[in-house]
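Listed next: structures, encoded as structure tokens.
Across the two complexes that follow, chain A remains constant while its partner is chain B and subsequently chain C.
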Partner chain A sequence: MPDQKLVNVTIEGRPVSVPEGTTILEAAKTAGVLIPHYCYHPGLKIAGVCRMCLVEVEKMPKLAPSCATTVAEGQVVNVYSQKALDARKGVLELLLINHPLDCPICDQAGECELQDYTFQEGRADSRYREPKRFNPAEDFGGDVLYVTNRCILCTRCVRYMGDVAGDRALCVEERGDRAKIGIAPDHDLSHAWAANVVDLCPVGALVSKDFLNKARAWELDRTASVCPNCSQGCNITLETRDGALMRMKPRSNSEVNHFYLCDEGRLNYQWVDRGDRLEAPMVAGQAVSWEAALTAAGAALTTGARHVVASPSLSNEALWLLKQAAGVGTFRVAQGTEAPLPGVTDLARRADRAPNATGAELLGFTRAANPLSGAGDVVVIAGDDCAGLDTAALASAKHVIFLGTAAPAALPVGAIVLPIANFAEEEGTFTNLRGRVQRYLQARPAPGFARAGWLAMAGLASAAGKGGAYTSAAAVFAAMAKAESAFAGMSYDTVGLKGQTAPGARVNA
Partner chain B sequence: MPIQTRVVDRPTTETSYVRATFQGLALTFKHLVDPHKVTVQYPEEKWDIGPRWRGTHRMLTTEDGKAKCVACGLCPTVCPANCIKLVPGVDEQGNRYPAVFDIDEFRCIFCGYCQEVCPEEAIHLGRHYENAEYDRKDFVYDLKRLTSQTHPVCELWDPADPKGE
Partner chain C sequence: MGYPHKSHPRETPILSKYFGDPEARTLEGWKARGGYKALPQALATDPVAIQNVVKESGLRGRGGAGFPTGLKWSFMKIGDGKPHYLCCNADESEPGTFKDREIMRWTPHALIEGCAVAAHAIGAETCYIYIRGEFTEPIAVMEAALDEARKAGVIGPNACGSGKTVNIWVHRGAGAYICGEETALMNSIEGRRGNPRIKPPFPAVAGLFGMPTTINNVETLTAVPHILNNGAEWYKAMSLSSPKSTGSKLFSVCGNVARPGNYEVPLGFPFKEFLYDLCGGPLPGRKFKAIIPGGSSVPVITIEEAEQVKMDYEGFMEFGTMMGSGGVIIFDDAQSMPKQLARLARFYAHESCAQCTQCREGTAWMTKILERIVAGQGTFEDLDTIFELTENMTGKTICVLSDSCGAPVTSGITRFRGEFESLITGKRSSTVAVG
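Let's look at the complex of A and B:
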């Protein structure tokens, strides 16, 4: 933004230049200082109710709430002056008056801003000797449980539901120390995007019923990934413990999902840990080595007309190598209802309930209602679980090569089965419906002998004599970017962890 | 040039064993006449161990016999030997409780961090030293065993002088 006027301020002795109109709190972030705050959230309207972000601004008579004060030329801000520290200590003491000391059983412990800031700046003990206020926990519907006692009334959830989700379900009810978050009569948090209040809540007042008492925040390993549940491609963090997926959280990306993730996206993850996974390559019902299975598959590919059934859940890399090995084919996309988030431009739970339909189309695969119809001599099924498909065509095929995570019941006994990893177990990229190519990383090992999608496809391609000697997903992507004009000039470096729009998609759109 | 050596006469008084033998026998006979007790007649007599002795664990219980533990996960986190296995669960009243709480006493280094970190004062080290078992697997104490033990527990610090001044 070249026409924007820059303002020079000094925050904690560090000079920074920020665009005019920036708040002190945001300016401090660029200076590398995180001013403690509760009610402020970059995705929400500024409320200025928690008084936690008070800082001392020189030449101002009183302490200023940094979330609601914009910077001015030559301003000198002291975040850690004694006056500011004392004020914030007082705010924390008042917040803790009725806050229960139940951190040991609170799901937020370890990622709680009240815990963190109290540890940084709060008093070691409480001077409050009266009994604490007690209110029972309330079920807000959807995936949200409201633990009233822990609430610090920052009103992030109220503002989110009203301004962003467009459903004024929440409000602050009662007054004074009886105040709590109330839910409007005949309302509940079953809004398609309501569970974001759990992430927005800085304390453990709004907790996920799905995650309740499941794991401690510090035990979780976090991996950057992309939500596989629809074509929006929301950036997510996979949180695993001992290789088991515990929850999915949104990862902020201002180009895609901002700070949000829909309920269906975040709760539809149990299939990742399903127990009936394929673990070893099989030929005619016998477990064999990968070499034997790939040799058999390579030989089978040359025996007649090929019919390829792809899946929009495969990565761009796997689909491209599938195209190399067996040629393009058709795929089907599960459909659902679209549910937009009104407060954010171009963000919705999309009707296409698969992450990579656009990527498959850019690579030349086409949609079909029944991708198995008109099957040839050699049927290659990659990633499709065949559920609900008319599988009569499979019986007449000479060879069936199946690449997938779990074996469909309809698979003929003589099929060549190659087990592949799901999105949590491999590295790759998805292309979302706007053509944005986004990387996802491996969160845990694949079960048994299952291989990453791109590695299995590369083996298939080289067995069919179509090249395919690749050692990493990055190398496959680089080769794909060279060969496919839709992805020209891209690499894992340029895509990064926030994604990049594919040139081919820009032309089509 | 040869190495210069010097022959020294061996001292007779200090090397003679005769004197030392009699000194030793004198001590033996002294104990025979005036026995002051050193040997503890274990197991009839038990050794008196200090209040800060750190032995095998015990889980304290509430009045209704349930473990005090709320499965907060701090002890497995702090444990330097990684010997505590904890799986949280939710009981009928909706309270968090340890569905699995196993301590591998072979791995334990008896540092006492678990007792120190416990916010509920549930897990304690015991003032206890008789740990023999017939089977190695019995050294993994489960919740049932931890709660049913009754031996006294360790005082990690003197309540009158918590900072050890």
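Let's look at the complex of A and C:
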């Protein structure tokens, strides 16, 4: 914003210019200095209560809470002066006097800001000789467990529930060192977006019941991804241990989901690790090589009128190659209730419970309540699990080509089956309901001989004589961007890990 | 006057002249005693002119901080198009202080007049009197007086026929010490949890309901009509000492003293004469030992120091303490200072609003250490820890509750270290009864 007034300040000897009204804490980030803090969170109203972010500002008599102090022209800020370090050391000592040292059994260990800052700036010992305060843990409902003893009363959860989620379920109850987070009578954390308090909690006070005692934070591998559970396309991190998905966490993106992820989105991941996966290509019930299966499929595609059933859970890349191989078709989208997060503009758990319906539409596929109706001689089912569909059409088809992660019961014995990866096992892009194209990365290998969606479709297109010699998802995307005007000018580089709106997306905000 | 005792001849009863006189509670009785003279004139005067008279008088806040009242009023931008608010701080939660209680009990109309004048002077049409919830009798008296004043048209939509609106409402507190802190008080009026707010923004910019607000103590506001009636010079001339401390002040005296009560003296009055003459000295057979002169939040001083003090804002500061709210707490030689200070710390630990880490955890920790020392389980290290803890708790939090817990304790340890050490070494002090 060129007309915004800039203020010049020096933080730890580094001069920076930041817009007027910026807090010292945010200005310090631009100078590459992370001032320790607990109660401050960029998505929440400022509380200024933990007093951890105290810094020394020249010409100010007292230490300033950097989260609640705006920059002034010419200010000189010392984050690591002895006075500031002593004050923060004092805060850490006080936060720890009643904090149980149960890190070995605490889920937050390894990603705990109390551990981190204590290690960075705290005392090696404690002078506290009194008995520690004890309060029992409480089930807050939803996915949230409150381990009272670990709480540092930063009130992030209280402010999130009240100001962002719009449900005043939480409060600080009692005073003095008896204070703890309280839950309003007849309330619990069953709000559709309540589990975000677990991520917001800087310590192990609010923990996920789903993740409880499941894995240590340092054992997890983290992969940037996109939530596949609805058309909002919240940016997420897949956290895996030895290839098993342990949890999904929101990944911040100010254009999509800010810092948040809905409960249904984050908890609906067990299917990723389902055990009944298709692991090898099959023809007429016999496992065959990919080459044999693709040859059979290529031949089948030319034998009559084609009917294509796609899935809005397939990547843009896979859908485009499917279109090359067999032409466009129809798809159905599972529906659920919409649940907005009131404090964030245009963020909701969407009714369309699939990640890529918009991408499918931009590529020419059409929605249908019953995509199998009026099937032709050759039926190609790509990604749809056929659950709840009238599968009579399959029995009458000459050939059925199925691409999916698990075999539907209604699949005819003679079908050609091509096993594909799910979203955690491949690279690709989804287009969210606002037309934002977002990349997701591969978190683990696909089982057996299953191939990435784009790779399987490329093989199919090749076998059908429709091109399809691609060696990466990026190459497929680049080719798609050339061929499809809706994606014109885009590439994996321009999309990055925060996404980019497709030029052809109609703006329906 | 030293209510419930008879007025002492050396007092200067201005605010306390009618304490104990039930007829002063009624509108008619109050008018007969010279009340409501200043208000009609004030309402016809330019607000800034009133601010200037008060500035000139040197009146400073009587709640504890001693901020110049006229200057505080001048921060309110008259005619900025926003609703302004006046809050009268009648929470009087500072232990050892009970002067505002008596003002409201006996002379409610004096406060109403002060509120109405001040509201006009800051461009406010609404004033809230935030009264400590436990003050059941003062609340009833204030409500009755406000009813009378409203019915008589003294306040209301056409106050004293001036065409100006001055509405005054009583808001009861619910028993939190911290609600006497001005920003917590505003949160409490708004129906929120009584937590102090971060400053800036200061109340004069964004206070009650986000609007420009002034908060004054009961005694401060009650003094204003007297200043308007008698002039700033009269108020200044009353002072016996520094030109920075003018007028008279009520001191609430409690503890081990012959005549506890409220005493009104001009600022600069010698503390020694105040203690031995007005308050009647110690109880028979006892000697004064220590004094907390300004409500429980200020540092404790020895009687030897107290005897040299001139009772004004600067006089107390010379000895490292403060005049505060004027709540004089007296300890005689039968008291154990560690025990008394532990009790005081426990109060702060109980009343901490729990926002800031240093206060929430520090006050409780300090209490535990002190109680352990009193129980004979202390160590010399504990004393060092208390000082370092106090350093940690001072000047680093949103409000000063945390500072207020450390100040009496560390000043007490500095001045009465022997008592603490004898508890630690297990020897009882020959002069102190440890209870």
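Some points to look at:
As a convention for this text, the second predicted complex is superposed on the first by the 505 of 509 C-alpha atoms of A that agree within 3 Å, B and C clash if a C-alpha of one lies under 4 Å from a C-alpha of the other, contacts with A are read in each partner's own complex, and residues count from 1 in each chain.
Convention: a residue touches a chain if its C-beta (ideal position, glycine included) is under 8 Å from a C-beta of that chain, and two chains touch if they have at least 3 such contacts.
Quick caveat, the model's predicted, so the values are computed rather than measured.
Of the two partner chains placed by the overlay, only chain C lies in contact with A:A68; chain B stays clear of it.
Contacts of A:L212 after superposition: chain B is touched, whereas chain C is not reached. When chain B and chain C are set side by side, the one touching more residues of chain A is C.
After overlaying the two complexes on the shared chain, residue contacts for A:D221 are found with neither chain B nor chain C. Contacts of A:E279 after superposition: neither chain B nor chain C is touched. Shared contact residues of chain A with chain B and chain C: none. On chain A, the positions that touch chain B within their shared complex are 103-105, 109, 212-214, 216, 218-219. Residues 46-52, 54, 62-63, 65, 68, 87, 90-91, 93-95, 97-98, 127-130, 152-153, 171-172, 174-179 of chain A are the ones that touch chain C when the two sit in their complex. Every residue of chain B that touches chain A in the complex is listed here, in rising order: 70-74, 77, 88-90, 95-96, 119-120.
The residues of chain C lying in touch with chain A in their complex are 176, 193, 198, 349-358, 360-365, 368-369, 372, 381-382, 385, 391-392, 395-398.
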